[in-house]
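Each of the next two complexes has subunit A plus one other chain: subunit B in the first, subunit C in the second.
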Partner chain A sequence: MTETTDKTIQAPEYAETERVDGRTVFTVPAERLHDAARYLRDVAGCDFLIDIVGMDWGDSLGAFYHMSPTDRPAEVITLKTATTDRETPHLESVCDVWEVAQTYEREVHDFFGIVFTGNPDMRRLFLRESWQGYPLRKDYDADPALNPLHKESEPLSDMDVVPYFTLEDGRLVGHMRQMYEEDEYIVNFGPQHPAMHGVLHLRVSLDGEVIRSVDPNLGYIHRGIEKMCESYAYPQILHLTERLDYLSGNINRHAFCLCCEKALQIEAPQRAVYVRTIMDELTRIASHLLGWGSMCMDMGSITAFVYGMRDREKVMDIFEDTAGGRLMTSYYTIGGLASDIHPDFCRKVKEFIPYMRKMLREHHMLFTGNPIAAGRMKKTGRLTLDDAISLGATGPSGRASGWSNDIRKIAPYAAYDKVDFEVPMRTGGDTFDRYMVRLDEIEQSLRIIEQLIDNIPEGPYAEKMRPIIKLPEGEYFQRVENARGQFGVHISSRGDKTPYRVKFRSPCLPLVGALKHITPGSKVADLIMIGGSLDYVIPCMDR
Partner chain B sequence: MEIKRKTRIRNMRYEDFNDNESLEKYVEELRAGGVNIFVGSINDIINWGRSNSVWPLTFATSCCGIEFMCVGAARADFARFGWEVTRNSPRQADVIFVCGTIVQKMAPVLKRLYDQMAEPKYVMAVGSCAICGGPFRDSYHVVQGVGEIIPVDVYVPGCPPRPDAMLYGMMQLERKIKLQNFFKLPDQPSIPPQSGAEERPDTENKQIQS
Partner chain C sequence: MWSFSQLTDWIDRSLHSVMGDGWALTVEFILIGVAILVAYAVLALFLIYAERKICAFFQCRIGPNRVGKWGIFQSVADMIKILLKELIRIDNSDKFLFRAAAFFVIIGSICTFGAIPFAKGLHAIDFNVGVFYLTAVSSLGVVGILLAGWSSNSKYTMIGAMRSGAQLISYEISAGLSLMTIVILSGTMQLSEIVEQQGQAWFIFKGGLPAVIAFITYLIAGHAETNRGPFDQPEAESELTAGYHTEYSGIQFGFFYLAEYLNAFIIAAIATTMFLGGWQPLHIPGWEGFNRIMDYIPSVIWFFGKTCFCIFLAFWVRWSFPRLRIDQLLSFEWKILMPICLINLILMSVYVIL
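Up next, the complex of A and B:
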């Protein structure tokens, strides 16, 4: 793990500074939050807000703001703040500092009831407007009688009234504004739409064929995973991590294992490290193949979908031999692997590499070279570098805009420091670039696998762990690179066998923010294509 | 006209199915009703056609949907069984595969989709989430099985079920369709009362006081 101690950042005088878990943590009083955020962004260069982790400490509510400077991307700096007011808790919004904060703050508001003054949109993000209570608070009442199952949807007009708050003379004042003007033409896209890749609901305001604005309505697959984690033991939580972004299931699980291992100060045996890396890359390939296939299908090419799925099945076979599961492998455990690899594993992987290379050429021939497809993709949905950083669009989507943000390279975990690979980058930031970055990543993943597959060390495949795992008290944050971007796990432990709070940084939630940002001005027919090129997974953003 | 005791379909032998008992019980019930030979013959012809071209709705909420895509793609390929294509409009679909977790906010949408489908229609609950809430049963926002909202014909367990398991479930449904009396189908299938239904909170009448 490369972790640099950042002596360069001078703490503001109102902040308390400490080093926790390789991160610098600044604790600031709630009134100075905005000043600190401005300072950290403008002076210290932290232009990438990784995540906001809402917290309920019992006597106070608050948040951690994880951020990172893009010129020293391995560093993570955390801003911590709290308010003791539990009746009308409020903090100042930082959405003018980082654009992505607008969505994150809505999430914290939804889960903890903290109001962010200055954020122009304080609707709930996931739960329906009439939901009683804030589920991630420790005193949340989960009685189903309070929130019964509705058989009728809430009227959509509720979504059009946007509450927001300001602070006047230290008092919280609520306002309302209308989302749309009287004569705007709104089309609902989803939640059930064949091209939506899941249950995302977009409210699209149209001017003829041209999109004026897009308003994502999330929560149709909000499964309350973070709350469930608080009552589950650590090994049980592993199963939930896979089901967040099921296409990068292994990688998400890897993140949680790494975070626990870091807290317990153990390391998985080398054999496990190698196998995990190979499995991660296979997962990435499978995910990109599906992403490629379904994006092409969105553009009308069913053949590409069938081809992508055909090649993906090869990866599924490898998983099935070794782990027993296809999509959900449940293979990594804290301290290693659940079982040793199958005797056929190496042979099958080695057969797969040349096969995939050949097929990749075919995929390029089939679709990339097609002038109609390329003509549609080029110059549509442009995401500029500054926007990508401010919106927190990591992963292939960010790299297509020229932002080097691959955790495998900047803060290598597992066996990534032992292999030689490139991070495919492009600078155009349009749909075509995002499409190409994904296909190029498949090639790089094959390269990584190629270097590791012959060198899997002998030895045990797992550390011996006690049946009950208790993490030492503290806050732990770990990032990995999943197929869609930076996936982060924040565990807050009080030394029990269940965590006090778990937060997953979803790479997909900022991507839907990016969708909202780049689609205005495009044709409505391109909306789905641009969405496909961002390749979000909806259960990952809803959690 | 007697309904044959053994319902045969083209794709799998009767003996290879695991649970023929429930089907045989269903046959007994139907026999008790009795049908005349003319109607019965027409019925058989209609059902032969119906059971071999059941078209599913394109619907998936989460992980199980990926396996559903696999069923439609090259290797498992449900077109072999006459399930042919997924339909994008509920009006044109015969069966809805509930693939994935259904949460509180999605439940009304699913209900409406189901109501929009034309009769006769069928429901398959795919995966443990759709059956009972699955791994998310403890969650505050997850519906404990779609059986609470819409009537289910076939349950396919698994998390996620393999594509083969889904094919098996589809063939079970095929057998069920083959048996039904087409002229006496209920207008709107109702949700059968479930065991433990009394203890459930009455969700229909209680509205939130706001």
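Up next, the complex of A and C:
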């Protein structure tokens, strides 16, 4: 064991240790990956796998595993591994260490063709099974002749055959298994379905009204944003970030700006920092209102949905005044803001705070106290604390299970260290707790805005930036708290005006894994309601 | 109080004066049929408009406001649109049952509609077992719903139909028992007789506590029978897209839609007839002057006024509450509502004997 720069974690002897971008990076050979993961999970306490970032370094393929110990949540530890085999690259799966790895490994497999031995499900995650090539590899051939536009839909039976791989005497052996038995009653929820909040496709195996299993089929709105990023300049990429989780567009954009600013070692002016924080919180309120409304609508209460939309409209109006846009504001830039705030901004925000408080009481009266609503939400869809961590369910969904994971508190960015607020937490982990955490967060967001709105400092709203921004060579990782959980940006730069690789950590992708985990055994009606309470946004997971 | 029987008797006499008995009867049947169908369609249009407007007010919206003044012709425009829509043929569906299902639903609803005493002398079907007839034909609808779900060859409709079957059959019991409570009080099943008996005081006042309980249980059970929120599991749009009528289009869907609204009306009308005195005005024993003033208000207004009040209650509930889950719905019926109804039945018997 060698002593690392980080005092709390000792590196295993087979690992090379370095300190990059405030993170401890352990580089391990591919064959020791699983040992290292076990060690970091069990001995070093890194029980939360933030993300797996697949990489193509040209001569080798591999991945970064970002993880964090839940008792020291500000710390990020990165495990790096690579394999030089480009023909049949394979790594050992870590899905027995962190459950969420199962989904992440499927994504890496989809984009880089790396096979994970031991992962029970090695279907592609976003692209269709018949897709030729692995799009994020640097030698990918994007010739449309290879992957012509399909005018007919894929047969669903393709999704029923699940390949998986094992390693026998150092040789990679492929296997197939059938997803369903002969006479299972499978209902497709989505991709077009009134309660799917987007184009998510759930294949639900039913036993009467009771759910046996749920198989999410992703990729209907996969736009290849990470691939597009590799040929875009940094200011252009900003616009793509808002199109991930469109309901927390500002916050996603904030993450990318922060990551670039960190790499460039500049700081946005204080005025911009304050305005960004206020805008982020307004975005969170708008998102939670919509999440609340659509969850209520999933349970059949359309009135609540209209109320949510009505109040969200006020926030949209504030955005429109200042930024011009309502949903995609395109307001933050690297180094500050695109323009100064509207003269009415402070007045309107100050009017909004008491209005929203009053409406919040009304929302509680309409829905929270309703015996039918409470009867349906309490004790259903329980996500335990251990599962929440292992599944990587961050954000309000994780906090309802008692997992304190709010980046605003544990690693404050922007102006969050200057304000006094609480992180609403609950311990039950059921649907009702997730519902309540969201409504309580609206109240806390109002508190944050209240403290900042009178203190916006005078001064410039943006740093002067060169028209072409080149990030210094290196790996940068930045997390922020968006309305659904931890949103992360990993930029791998080689000093060009375009990034070498960009990876977005979607908070929604683990949530759909959580849905798959907690719904079996409950009723069809609960599936929709639990989905609503997790509040995932499909473009965010599909990217 | 003016009676519609003066008008109907006049038509009867005039017909008999120009043609034989058999022909006169045939013409009368046709006239009554046409009148009921027209009333059915017009009421449905009115109810759809009313629901949209009321729901809009609950939700701080304006509601339809473009077609005609305050949008009053909106549902007429919608009706024209739905008549012009294509009937989509579903592959591998049972064609005959698929078409028949919509008719089952609407015929069950129309048959019930015909038996309601709308005003003094305005009563098409009047048996000595009127209440029994009402419960019997109104359960014809469930056959249509089950057939619709089965014949569409779709998993959503199948689940919707199964839910609907379980739900309607369960709640029919409570609704029937609540009506029986009133039958015990009145001693007759004939609707005209029941209304006649409420001339001095409506049954909800006359019957004491058991009648009030029966009224509430009937409203709940009846609301569940109409498949409307919070009891709309059979069509739960957020789970089953549209439940048993997912695959229907055009006027076939229109039939289901129409029947849903008219069933809401029918339930309210039966509640009015059985509990709130039907077309009888509000009479308070001893207040002669007040009673005489009340008599000046036409019976048809009394009937529709009270019915609209019951419908408004239904709308209010629908737009305020979220949907129950199917197991909660059934356990509510079998573990709470039906025992209450049974005990209430005994209470009413004791009340009548005393």
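Keep in mind that, in the parts below, the second predicted complex is superposed on the first by the 538 of 543 C-alpha atoms of A that agree within 3 Å, B and C clash if a C-alpha of one lies under 4 Å from a C-alpha of the other, contacts with A are read in each partner's own complex, and residues count from 1 in each chain.
Note that in this section a residue touches a chain if its C-beta (ideal position, glycine included) is under 8 Å from a C-beta of that chain, and two chains touch if they have at least 3 such contacts.
Worth saying up front: this structure is predicted, and the values here are computed from it rather than measured.
**Student:** Looking at the superposed three-chain arrangement on subunit A, would you call subunit B and subunit C a clash or a fit?
**Tutor:** The answer is fit.
**Student:** Quick one: classify A:A462 as touching subunit B (first), subunit C (second), both or neither.
**Tutor:** neither
**Student:** Under the stated touch criterion, which partner chain does A:A373 make contact with: subunit B (first), subunit C (second), both, or neither?
**Tutor:** The answer is second: A:A373 touches subunit C but not subunit B.
**Student:** In the overlaid three-chain picture, which partner chain does A:L515 touch, first (subunit B) or second (subunit C), both, or neither?
**Tutor:** neither
**Student:** Given the touch rule stated above, what does A:M541 touch, subunit B (first), subunit C (second), both, or neither?
**Tutor:** Neither partner.
**Student:** Pick one for A:P194: touches subunit B only (first), subunit C only (second), both, or neither.
**Tutor:** A:P194 sits against subunit B and subunit C alike.
**Student:** Subunit B or subunit C: which reaches more residues on subunit A?
**Tutor:** B
**Student:** Given the touch rule stated above, what does A:E209 touch, subunit B (first), subunit C (second), both, or neither?
**Tutor:** In the superposition, A:E209 touches subunit C alone.
**Student:** Once the structures are superposed on A, label A:I278 by its partner contacts, choosing first (subunit B), second (subunit C), both or neither.
**Tutor:** Neither: A:I278 stays clear of subunit B and subunit C.
**Student:** On the chain A superposition, what angle, as a multiple of 10 degrees, is formed at subunit A by the C-alpha centres of subunit B and subunit C?
**Tutor:** 50
**Student:** Taking the superposition on A as described, I'd like to know which of subunit B and subunit C A:R310 touches: first, second, both or neither.
**Tutor:** In the superposition, A:R310 touches subunit B and subunit C alike.
**Student:** Just to be sure I read the superposition right, which of the two partners does A:L240 touch: subunit B = first, subunit C = second, or both, or neither?
**Tutor:** first
**Student:** In the superposed model, how near does subunit B get to subunit C, counting Cα atoms only, in Å?
**Tutor:** 5
**Student:** Same subunit A residues contacting subunit B and subunit C, which ones?
**Tutor:** 194, 306-307, 310.
**Student:** In the complex of these two chains, what residues of subunit B are touching subunit A?
**Tutor:** Per the touch definition, subunit B meets subunit A at residues 58-63, 65-67, 69-70, 73-75, 86, 88, 100-101, 103-109, 111-113, 135-136, 138-143, 148-149, 159-160, 162, 201, 203-204, 206-208, 210.
**Student:** Quick one: which bits of subunit C touch subunit A in the complex? Just the residue numbers, please.
**Tutor:** Residues in contact with subunit A: 55, 58-61, 155-156, 159, 163, 229-230, 232-233, 236-241, 319-328.
**Student:** Which positions of subunit A touch subunit C when the two form their complex?
**Tutor:** These residues of subunit A touch subunit C: 185, 187, 193-195, 206, 209, 296-304, 306-307, 310, 366-367, 370, 372-373, 375-376, 523-528.
**Student:** Which residues of subunit A touch subunit B in their complex?
**Tutor:** 126-128, 130, 132, 135, 140, 142, 144-145, 147-153, 191-192, 194, 198-199, 219-225, 227-228, 231, 239-240, 243, 246-247, 290, 305-307, 309-310, 313, 316, 326-328, 538-539
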